[in-house]
């Protein structure tokens, strides 16, 4: 667990989920940089590794949710907001990350854990476009899930190989400023979502 | 102007914009049916015809916004929420409707009139899929515009030719029920959006 | 292995890959129905189960491709065309299937096995839209992969639960006719792709 | 009309259509640069201005196609391939360009003029992403139209303002090289498409 800020009662509890399994993933580095740059008042937790979940198979699901699926569902439920930091694979969402989302909507619980949850997206790439196509595909998926995805700021860290030093520290100043500004925006967005009783009525 | 309900101070003011120019458009019929089925407390206005706007040309825009563009911008600003009811053309947004959105973001005003505005989507088709691809493309566009598009209920009236009588009245009971439920959902969604001061801070 | 037709030298060799892991998957039933309805002259093979592949992790990949990844790469290379039959999960591609595509483009071989390969798409759903959103997301992914995806006919088997009998036989006549027509279209499409030397020059 | 090469019988006839109406449009400059850089053997024509077409209204269409619609249909039919060079507006296709595509599929002729036609895409932007989202939306539309869109090379001229001199000449060397390579790729792609009798059978 990584904690930023004082952990007071008013802290915003944020779960981060990284879509890459690589040790030296630029997306993991981006996630860590974002956490480091959070101002006080955020309690940020990294999710379990997403490859602990098996592949979704609804036949298996009917016999009960596997323990890692239960665990990540609990992590999501405990969070006020969830931030996904993920590479783009083949102009789309990494299969291993999509599988997490597929489990989360597998309908054992009456409502999926991400339903009505404020969600943020970030991505880093070696190429020029910073995962823009992946994020569009993810937004399409979160529409089904009924998460509220924060519209802006959009975080696309392109040519990531030029933006970290050898210790993995984000050295790009504009990116650092953008990440600092991300958290207050997420707090306001999450606050907006939270002020309304959903549960049954917002959506037919 | 079409008004539903009592027009009291607490009425939700909704602007509807139809993406079809046809006289006997199923989307216009769907829009009219939706308006008719609104419960009290909604003040619903149809926009000007969208073919009154010229094609967006930024050279023209620099000399000042054409009168119909100004007019629809005012209609959008005066509304608490905007509902688009549109056919799908070629798996995408009708050009004539996209042109409206292109004008709305042409940056004469400091902020575009749809920014932070609650938006709803509906569509009718003769085919089986009820404009689902158009609505995905529109959501991608509203992400740029920074409108808040209501996630659910999604309204896809497929095989529309079977669902209206010869007077153009919507006869499909499930569709009528869904439309009745749409308005309270929109009110809650719009209320959620409105409870937070945006303007500068939600988005970086 | 399932073989249709006479297996003559001129047979079109097709690999089918099912995106669902369920035993009683409608997509598996659709795949089997399609195979059954193939006219002579097609040699159709089902791929290995896609959950035999581990999750893509490029750190692992650098040490060598796991055996099931090598196996499915070989199956793809041996085929003249590949047909994906897959459910839609959360308006997107099932994670377990996307993971296969993520492995296929992991750049151990000089060119990925699906590059320039003719590809077909089919999908079945319980709902009304027959995986249309998943197929759009897949086409976006195949653009990166540089597969040639057959534009038409598009196969969307919606309300699949009404279209099979208790033995899993496809009973819907229009769907059976469409599947019969699919194979000659695929042969022509694959023939068109094959008549040109690609490899280096078609794409920059 | 702009002609490159010798206009011999074996020239590839290409129609270019620009999605911007601005005089100093970067997309027009990109289109002109591409035409200039074409090797011998290409006969390249610019389409009529797309704002000559009225908005698509099927009621109007039933009375006969307006003259500019007929004209652009003829231009498309006379071409071996069509290249669209277009800005991205609001993460989507400019309305004025989409309207052209909407007319082209309006079913007066038995088959639309773009059906089975080889199509290329290019785009320039001031921002970082070079119209990538517009091109994805266009590919979705061309799937309906049944054009064959060349997969690669993809042309995204980002930060276009840094890549032309004051005379509007493209000065970016990598971009110039990419454009030079574009034409032989288009020729091969168009040749591949043309070698097969379509018309009725490739698509069901």
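Note that the chains are named A, B, C and D in the order they appear, and that numbering of residues resets to 1 at the start of each chain.
FYI, a contact is a pair of C-beta atoms (placed from the backbone, for glycine too) under 8 Å apart; a residue touches a chain by one contact, two chains touch by 3 or more.
Here the structure is a predicted model, which means the values were calculated and not measured.
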Contact-pair overlap exceeding half with A-C, pair selected from C-D, A-B or B-D: B-D
CA centroid of subunit B to CA centroid of subunit D, Å: 30
Separation of mean Cα positions, subunit C and subunit B [Å, integer]: 38
Interface hub residues of subunit C, defined as touching at least two other chains: 133, 136, 140, 143
Touch-based graph of the chains, sorted into line, ring, star, complete or other: complete
Footprint of subunit B on subunit A - complex, ascending: 136, 139-140, 143, 146, 148, 151-153, 178, 181-182, 184-185, 188-189, 191-193, 195-196, 201-204
Subunit B-facing residues of subunit C, complex: 128-130, 132-133, 136, 156, 158
For the subunit D and subunit B complex, residues of the former touching the latter: 21-24, 51, 55-59, 89-102, 105, 133, 137, 140-141, 143-145
